[in-house]
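Chain IDs A, B, C and D follow the sequence of writing; residue 1 opens each chain.
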Amino acid sequence: MSMPNPAATSTRQPSPEQLLEWMQSLSNWGRWGDDDQKGTLNLLSAEKTKRALALVQEGATVSCARDVSWTAAADTPRPPQHFMLGAGDKFRPGEGPDRQVASDYFGLVFHGHTVTHVDSLAHFMWDGKIYNGVSSQLVDSREGALSHDVLAAKQGIVTRGVLVDAARLRGVEVIARGDGVGLDDIEQAERACGFKIEEGDVLLLRTGQLGHRDRTGAVDVNVEGSAGPLPELLPLFKERGIAMIGSDTGNDVQPTGYDRFCNPVHQIGIVGLGLWFLDNAWLDDLSEACAARNRWEFLITINPLRLPTVTGSPVNPIAVF
Amino acid sequence: MSMPNPAATSTRQPSPEQLLEWMQSLSNWGRWGDDDQKGTLNLLSAEKTKRALALVQEGATVSCARDVSWTAAADTPRPPQHFMLGAGDKFRPGEGPDRQVASDYFGLVFHGHTVTHVDSLAHFMWDGKIYNGVSSQLVDSREGALSHDVLAAKQGIVTRGVLVDAARLRGVEVIARGDGVGLDDIEQAERACGFKIEEGDVLLLRTGQLGHRDRTGAVDVNVEGSAGPLPELLPLFKERGIAMIGSDTGNDVQPTGYDRFCNPVHQIGIVGLGLWFLDNAWLDDLSEACAARNRWEFLITINPLRLPTVTGSPVNPIAVF
Amino acid sequence: MSMPNPAATSTRQPSPEQLLEWMQSLSNWGRWGDDDQKGTLNLLSAEKTKRALALVQEGATVSCARDVSWTAAADTPRPPQHFMLGAGDKFRPGEGPDRQVASDYFGLVFHGHTVTHVDSLAHFMWDGKIYNGVSSQLVDSREGALSHDVLAAKQGIVTRGVLVDAARLRGVEVIARGDGVGLDDIEQAERACGFKIEEGDVLLLRTGQLGHRDRTGAVDVNVEGSAGPLPELLPLFKERGIAMIGSDTGNDVQPTGYDRFCNPVHQIGIVGLGLWFLDNAWLDDLSEACAARNRWEFLITINPLRLPTVTGSPVNPIAVF
Amino acid sequence: MSMPNPAATSTRQPSPEQLLEWMQSLSNWGRWGDDDQKGTLNLLSAEKTKRALALVQEGATVSCARDVSWTAAADTPRPPQHFMLGAGDKFRPGEGPDRQVASDYFGLVFHGHTVTHVDSLAHFMWDGKIYNGVSSQLVDSREGALSHDVLAAKQGIVTRGVLVDAARLRGVEVIARGDGVGLDDIEQAERACGFKIEEGDVLLLRTGQLGHRDRTGAVDVNVEGSAGPLPELLPLFKERGIAMIGSDTGNDVQPTGYDRFCNPVHQIGIVGLGLWFLDNAWLDDLSEACAARNRWEFLITINPLRLPTVTGSPVNPIAVF
């Protein structure tokens, strides 16, 4: 990477009409058949996987997930739960070993702003439809996602990842809440980092927000806002054919500046493009790993749990250099 | 694979004294330092990862996880839970799109006999100690595993997997509950399948039990028993230096035939060797994939969730051919 | 009680048109104001409470709740959960007492066929409305019951209870699944047992089903059916002005014999009359207590938990003689 | 009530030796048999219930429970959970009514400082024993309270309640965190309010803390402390033979000023006396009801849920005037 430009910022805000137009013009509905539930995961391929494997030089792995926290916080109003069913603290010398086994229950609301997770295509709807024109009635409040659940990704995602380290490229610790990552950042990254975003990539955008949050304390995202990818990136996502977008944010700038679009990147991305999202990725370790090697592309493996009728899954994406 | 021997069975049952001796003689305590919590994951290496990546010829992925089931069954007395927080079924034409987002809570007891998961080294204790001599008091019934939780595997497992398809090698649909996979099966697999189990491998043993269970119905494992790896394999696990043992069972033959050892392979494996376990893997698809290619080694990626203080994690292991 | 008539059965089945007519003609909408959420709890009064208190002769209490079971069963597909946060089994002699405290998490789906609970008026809707004409949209899949939650009963129910012990009156151990309690049973009880059902009463109907279930094993209610109050009782509920109907069933005969009415007594009772329900009451002990005294009226106290936005509450109704 | 004395405060702090002596001298172990699990609930009686019923003049009911809150707060680090299984918001005109039913899951850790609940005698242990000398091993981290669970109270508590409104008697809005209710407050209440605490009573102490908390915001009790009953009351509890102590606090002054006693009133009360506790009662409405009538005794009904192996229960105590 050479010569970051601290002045690069992206403020372009497409009109609401433009967003509605993109919902149509960028649509992938029907592209992979009427029954398709995989969306942009169709852009993965065995050939792409093989090329991604060939990127590995050392065999070093880097986790792109945050530790789950069991603690309520301003951005974690429904904290994950963990209960032990038996543990090791009951042992007494002389007793038999038969009860020396520990077991756990854990549960969580993974959507939101703190747990590293993927969204399935059932996470957002638009005008009564989910991706590919299926009725949103199939995402049932009792039965769960009867279509477009996370099982569409059950065979795993083993492909190339590329990191656009927008904070580092701008020379800042963190991109401010309310600001977003846009085309300028992408262009600068491609110029400076020696890669071009291509079909089947997992595109990771780093704002530094999640690390900054861990260092300075949780905030209410509905009040303080969030960085994230800007809607102006949507055409690029389509043109380049990325399989998944991820960042160290909830993946939509807040506030959005729109009335009807509470999460424009998710709404157009998921419903229109069938794009898969990786929210709240932990990218600070990855950033260090990339910078140390000045290599910004790598193998990435993302293995969503096989959770039928669930609209996503917590994950631990592993990058390999 | 050539000429399976249907007659191969393993009935050898080491004496309780032998098991207690193995707890000592096969021990890895102190081998990787007094503070080690990774156990046999220390046998992974960047070099091993690179060699495993080089096995891939096609880029085809195969999931080795079972779909989580939300339904109570004889072997699932505490069924996983799934609740929707909002869904898509409330949409009405003409309304704004702002509430068209679905979210989920899910929770589960993953240990047991139906969820594909890894055990961390805090899952079993012996005589008041967990692996590497730490007090079992640290696996606390309130706070969880304050040592040896699943975070020891947070950087992911990207290594070679090998499949010993014991059911196929014996020419049976399923190895009977109460029977186990033993040295004979391993030897036959190494002879017939062109691989030798080596340091850092994920060793997968297929009994056909989980597929048979799905076809014929759930049973109470405490009553009907289980197939699984036999204790006689423990010295081989140590000698060959496997990083993880997995099978399509709970990974201990039931009933065990021992008084003090309710789960001898887990107890000696986890506490003594620091061996990681993959329980209830789904190996029927993998078996087909291996047989179709007559290749029984492959890249495998297992990415446990980053769950602090938890004694394991549900996973979706992905094999790549 | 004198001379039960074993031949008494109720088979009358009102036409669907009759049910629809009752939804209108028995309606209490508007009766207690446009904002009313209490429905038939308005028929309670301080005066009624005082008269109920005056029934007590001995001060003996009898619980009308079933023990919650943590075990999955054919009629409990989503079993309640109980996890300990700390416990007493970790104590070791000589240690300080500071950790000798136990705590619990419990959670449950209380609606259904096994947990003793009350239904709030948000539990059923009809044609897009809940009781008193409020939009069913207010029972929100994300936020819960924003109207008509169980807080409407937060001041407790302290009134007269009367037991119609239909099984005993018919001289049978249990009223068969598919059969119901009807007007004949009520008339016989009033003749034989020395009470008349009056305004503000909690009317309890005993079929023996729950005790029989505990003795003979759980069944799938959707397959095996259920006893319960018959729809023909609805006009009587209105005329007499009962505050709550309860029984040792889920309070609707199954199968219902109707297409549109999956639970006609609940649907017309809750939505039309604003009637409160006590489902799965444990009435076998109460039956013994009544028979021993030949007194079938008593003080009853039902204290729903203060659970905002919840459509009911588990309870432990206490009868006092 | 006449002439409160604002200067009354209680600062007497018994020595640790005195507390240890009370653990012995106030003990009720063996008093009601070796198998007793009811402790001070043995002091209830049919006769007492009848006398309490006779106190009722109007039939007016007052809830002594706080609304459960689903929101995390400084004193609610593990917030209760509520999920809907189906709801009313999915209805569309013209559709059949069959899915118009709402159901809920709720779950909670009720011990702590915000949920109105009773403690069973399994909640605290001392030196490896629970009340009446049973091994604390029976409060099992996996199986729950195999002895002394809340089922000991399953027949309900229908008895006299008396309110010592310490805040009102002192003429303050709230008794400061760290200060406690003591013998002075009791003596003043008995002088001013026309009652004498007697056997079988539920003794309620009001500090105003919970109402103040709701008006001014939650605090971390471990940091900011808590009001509550003082240990000096323990001999009085024994002498008078109260069945239950309750207050609008967690029922122990924090900080306690002791090393070994983290909750001296609970520890000696529960383990030694077998005393039942009502924590976090909502007493502000009761206070108004008592003051309006200048009557400080009333019927109270407390009906714990029938939760086997659980160390308490959320409740909604109902006072009747």
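Quick notes on this one:
Everything that follows uses one rule, which is that contacts are C-beta pairs under 8 Å (C-beta built on N, C-alpha and C of every residue); 3 or more make two chains touch, one makes a residue touch a chain.
Everything numeric in this text was worked out from a predicted model, so none of it was measured.
Homomeric contact chain B/chain D: same residue numbering on both sides for over half of the interface positions.
Chain C has its Cα centroid 47 Å from the Cα centroid of chain B. Inter-chain centre distance (chain A to chain B, centres taken as mean C-alpha positions): 28 Å. Residue positions 78, 81, 84-87, 89-90, 103, 105, 137, 140-142 of chain D each touch two or more of the other chains. Taken as a graph of touching chains, this assembly is fully connected, with contact between every pair of chains.
Chain C meets chain A in the complex at residues 81, 83-85, 87, 89-90, 92, 105, 141. Put simply, chain A touches chain B in their complex at residues 45-50, 53, 56, 58-63, 65-70, 78, 81-82, 84-91, 93, 96-98, 100-112, 116, 122-128, 130, 135-142, 144-145, 151, 154-156, 158, 260-263, 267, 299, 301-312, 314-318, 320. Considering their complex, residues 71-72, 76-79, 81, 84-87, 89-90, 99, 103, 137, 140-142 of chain A touch chain D.
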